[in-house]
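Both complexes shown next keep chain A, but they swap its partner, so chain B is in the first and chain C is in the second.
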Partner chain A sequence: MKTGEGELDILAIVHNASTRSIDPTRRPIARGEGELSEEDVFARNPQLEKLLRTEFQALVVGYVRDGAHRFYLPPRPARLHAFVYLCEPEEIQEFSRSLDFLSILTTSRIASGDELVSACLRLASEAQPDKEAFLVTAGKELSLLLGREPQRLNAILRRLRT
Partner chain B sequence: MSEEILNAYEQGKRLGIVVEGSLSQGVEVKLDPEISVEDMAVGRYVTIDGKNRRFFGILTDVSLGAIDRSLSITPPDVSDPFIAKVVSGTSVYGKLHVLPMLAVAGILGIDEKPQPAKTVPPHFSTVRTASDEDIALIFGREDEHHFYVGNPLDMETKVCLNLAELVKRSNGVFGKSGTGKTFLTRILLVGMLQKNAATNLIFDMHNEYGWEGTKEGGGKVKGLKQHFSSQVAVFTLDEESSRRRGVSTDFVVEIGYDEIEPEDIEILRDTLKLTERAAQAAYRFRRRLGGSWLEKFVNEESRDEINALAKEWDEHEATIANLHRGLEGLMRLPFFKPKAREDSVRRILEYLDRGLNVVLEFGRYGDNIAAYVLVANLLSRRIHQRYRERTERSLGEGAQKPHPLVITIEEAHKFLNPAVASQTIFGTIAREMRKYNVTLLIIDQRPSGIDEEVMSQLGTKITCLLENEKDIDAVLAGVSGRSELRSVLAKLEPQQQALIFGHAVPMPVVIRTREYGSAESYRELGRGEKRGVTKDKDLWE
Partner chain C sequence: MSLDLSKIISQVEGLAAKLQRDASLREERLALAIRTLSSTDLESLRAKAKASEGKVTWLVAGLGDGLDLHFSPQELPTNYSVVATDGSHIDVDRHMPPPCYVINIGGVVLRYGESPACHLLSEPTLYAQENDLFLKDPRSNHTQAIEGALLGIKRTVKECEMLGELLKEAPHDLPTLALLDGSLILWGLSGKEYQDFVKQEFLEKGLLKAMEAIKETDHAHGLALASYISFPRNTDVVNCLRLSLCPYEPVADCDRFCGEKAHGQRECDGVSGLTDRDILQEILKAGERSAVFANQSSIVREHYGDNWIHFFYLNVGDELARVEFPGWVEERPELVELLHSLTLEQCHKGQGYPVSLMEAHEKAVISTQDRALFTQMLEHALAGRRIPAVTSAKSNSKRIRWT
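Presenting the complex of A and B:
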């Protein structure tokens, strides 16, 4: 995803998403007994749309300024209330031209970071003209980054196969 | 450096980068991921592009590396082609060991001759396979001195030997039995004739060089005389055998008893199983009885006669019996005569003087090592003496030195083993080198049997496959990068491959010997048949 208004677009990779009640003291309760489908649950309880909130977290991996991609942290954080957009396949392809972002991913301390690495590469590979070649190149980059952790590397590589 | 030159110069394929190393041990090269270790082979040439120099090296070892030791304990799942592709060249990679041999200033080295490398290329210099032009730059192109002997491994370029340099020193051709020594020697001899580098005297033990020779696996190949009929004379010790083989000979050699010196007998001590005392007795007889001692001695046949002789000459009976037993069989060979019809040495010299090459066939007697050693030593001693006199005279009179003479001997360890090397003429020739314009081409399968001093004096060594550790050590003694060359030498193919190093080549090279035996090869080799050497002044008499 990206955020910004053209002057400085911050690029980030979603690594976590959760849906919960807007009131932290109240846990959602199970609904839909006797309903035929999940849609029916929401149709019968229209208030749910307002009481539940989905949040997601993203890891900043670079930014675009004046059309040039940088693969390190931006000079300032994203503004509050800035709009967030999903990146287009072309933008993903452009961004994944360099695999420098992998070092940020592999060294981040987020939970299940390795799942993120493989998911992100799988997604990026869909935007590539030669998916296989991209994954091999990315795999080689990973094996240099994780050379001393062959177990971890193997786990990621196995997840790269689609 | 202009783009134009860079483009004009053919560059070899990139193999990898230098990662560590030293001048004495050679440098380590990390292979690029796309290059497979399986495509590498020891003995190949590579070039290394330094900043200001270009290095030429020889590939001496190939090894496998891994980024982390734990990889060998928990190897990646390479049955998956994707994972195999990913890990190759990154987590695991191939390494080359390269011994830098030569360097040229300027990255292309177009203007300058390569010099021995005195330093190593810096970290991360690019390593490439040597291109055809690189090889030509190092070994020169075929011309009036350079003779094409073969191709580097997996390349079509010609490796040329500078024959004019080659014949300035004694040289050796080694290799275990059946690896192509004779084949290689024949090519070298043809080269010497074609380039007129030297006059040759060949002691042809198995009748391989004169008229025709045999090929491994049957068939005949042309000998020297068929290529250069006007420049080669075939002498024989066994006229009957030559006639049976359909070889027309120029002269039948006979050796008179009076030509045999006690020194000749002493070098046969091992071969004839003579005791030291028996060999010494020969000297005493010679002193007492002069030239005819041997005739008298071998004509005594019965035990009583020998005992009587011992009494008469005041020698121990056992000593005399020992000497008699040794010499009797040998002297019964038909070419030994009480008195030779004609002086063979004189005839050989006449031919050599006219620039003709002499091949002395041993016919059926080639298998008799004692006869071979005796005849070769005896003739060479006297020929060398004449060359020596002639060279000294030419120095005194300021005249031209005699044309270089190369004497080819087989089973060289019989002449040059540590026990006799100091006594045989071949030991002398090998040591005093080119002073008198006589050098040796020694052919042997047991180089470890040859005296160390002689080995160290050999200019260029051409060696086919050797397996015995001692032999390999003997051949490589005193060569820089010995341990690296060792691995190259031990991995030569059993035929048609040879490692050449020494004086006549700027750096060691593994060659696939050029073809010999087809009509086309004959056409190329026969080229340049020429006129005999002009006799400027008769210095013989």
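Presenting the complex of A and C:
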């Protein structure tokens, strides 16, 4: 995803999403008994839309300024109320021309970080004209980054198959 | 920890043991109540109740179609709306300057059916003017401070006024349930504690005016106003049974016949200690409502007029609730049926308590943290204008808590 600020678009990879009660002291309960679908649960309990919030967490992996991609932290964080957008396949393709962002992912300390690396590469490969060649290049890049951690490297590589 | 639990535990055990001992007596009373409920001749009871008006010391329910009737809910309308409000307040704190109080009203407008929607809101108001804090009798120099229990009454009026405002915004082309929490009877104003100008302000110019405005709201498909009482402790129906058990004919005159008898010795004490909930629980199946009764309290008789409070009990599955509504709802059977089915559905959606009232409460409630922040905000506002905020030594000692 990216922030659409114009002069500086910050690029980030969503690594976590959760839907919870806006009021942390109120736990959501199991619903849907007697309903046919999840949509029915919301239709019959219209207050839920106002009481639940979905939060996304994203890891910043670079930014675009004047059309040029940079694969390190931007000079400033995203604005508080900056709008965010899903990147289009063309933008993903453009961004993954370089695999420099992999070092940020492999060194991040987020939970299930390695799952994120492989998921991210699988998604990026879908936007490439030659998916197989992209994954091979990415695998080589990973072997450079994780050469000293063969178990980790293998775990990620095994998950690259779509 | 200042409550010594080791000292109170034996007292708690004593209480539990007493309840266990009383259980069989209670069973006997319940059995007598159920027998009386189904065997009482309604017409004779009605005649006796009329003849004994003002002579019985119990609040006896006004009888409708019967005592032990039970009705199943009708089918829900496809599209309908539910509007509810609830309130919370920060009372005047005499240890803190300046004198003021806050009423926070939470509201919810829910639309069910083909175009489901929900609107939640809360509306806090700070009251600090002279006429907010004191009610003045226009005919004398008497004044009444609005705080404590009276502030609770003012809050009920504000909840009903807000309900009226929300009903104006709610869809007018749908059957609608308008719900309040607690009783529609301002019990706090009954008796002689408050003078007439106070009753005038909060009843005639307050709650009853707001209820009247709701009645006048243009709702082509029916609007049922009601209040919901969870775990009610009323005994209006039990007191009908007391009258039925009373051997003195044709007039039951408590002072004359039983004035000198000790509690427990009167013939009607056979149903003593029971509530309406206890006995109707035995009769109403899940989802069913009782017959409609009228409240006969003096405050309702003297003040409520068209808004005369009626009620039924409703088995919502988890408990027996009391639903109170004004006379203008009772007069239209289709509104009573709407009230029955929509209130029940609200309870199903809310795990045993109307979901609209639950959400209105959530929007109204003022947490301990919010109360502290409000006090802080008030102090900062005063300090910002260099107004000294002198608090009591007692208040300071409670806030600082030193050793």
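Observations
By definition in this document, the second predicted complex is superposed on the first by the 161 of 162 C-alpha atoms of A that agree within 3 Å, B and C clash if a C-alpha of one lies under 4 Å from a C-alpha of the other, contacts with A are read in each partner's own complex, and residues count from 1 in each chain.
Here, contacts are C-beta pairs under 8 Å (C-beta built on N, C-alpha and C of every residue); 3 or more make two chains touch, one makes a residue touch a chain.
These numbers were taken from a predicted model, which means no experiment stands behind them.
With both complexes brought onto chain A, simultaneous placement of chain B and chain C is permitted, the two fitting side by side without a clash.
Contacts of A:Arg158 after superposition on the shared chain: chain B is touched, whereas chain C is not. When the two structures are aligned on the shared chain, A:Ile29 is found in touch with chain C, with no touch to chain B. When the two complexes are overlaid on their common chain A, residue A:Ala82 makes contact with neither chain B nor chain C.
After overlaying the two complexes on the shared chain, residue contacts for A:Gln47 are found with chain C alone; chain B is out of touch.
In the superposed pair of complexes, A:Leu73 makes contact with neither chain B nor chain C. Counted by residues of chain A touched, the larger count belongs to B, out of chain B and chain C. The three-chain arrangement built by superposing both structures on chain A places chain B and chain C 160° apart around the Cα centre of chain A, to the nearest 10.
In the superposition on chain A, A:Ile110 makes contact with neither chain B nor chain C. In the superposition on chain A, A:Ala17 makes contact with neither chain B nor chain C.
With chain A used as the common frame, chain B approaches chain C to a shortest CA-CA distance of 51 Å. Here chain A touches chain C in the complex through residues 23, 26, 29, 42-47, 49-51, going by the rule given at the top. Residues of chain B that touch chain A in their complex: 33, 67-68, 70-71, 74, 76-77, 80, 82-83, 85-87, 89-91. Partner chain B is touched in their complex by these residues of chain A: 132, 135-136, 139-140, 142-144, 147-148, 150-151, 153-154, 157-158, 160-161. Residues 108, 110-112, 116-118, 120, 349, 351, 355, 359, 362 of chain C are the ones that touch chain A when the two sit in their complex.
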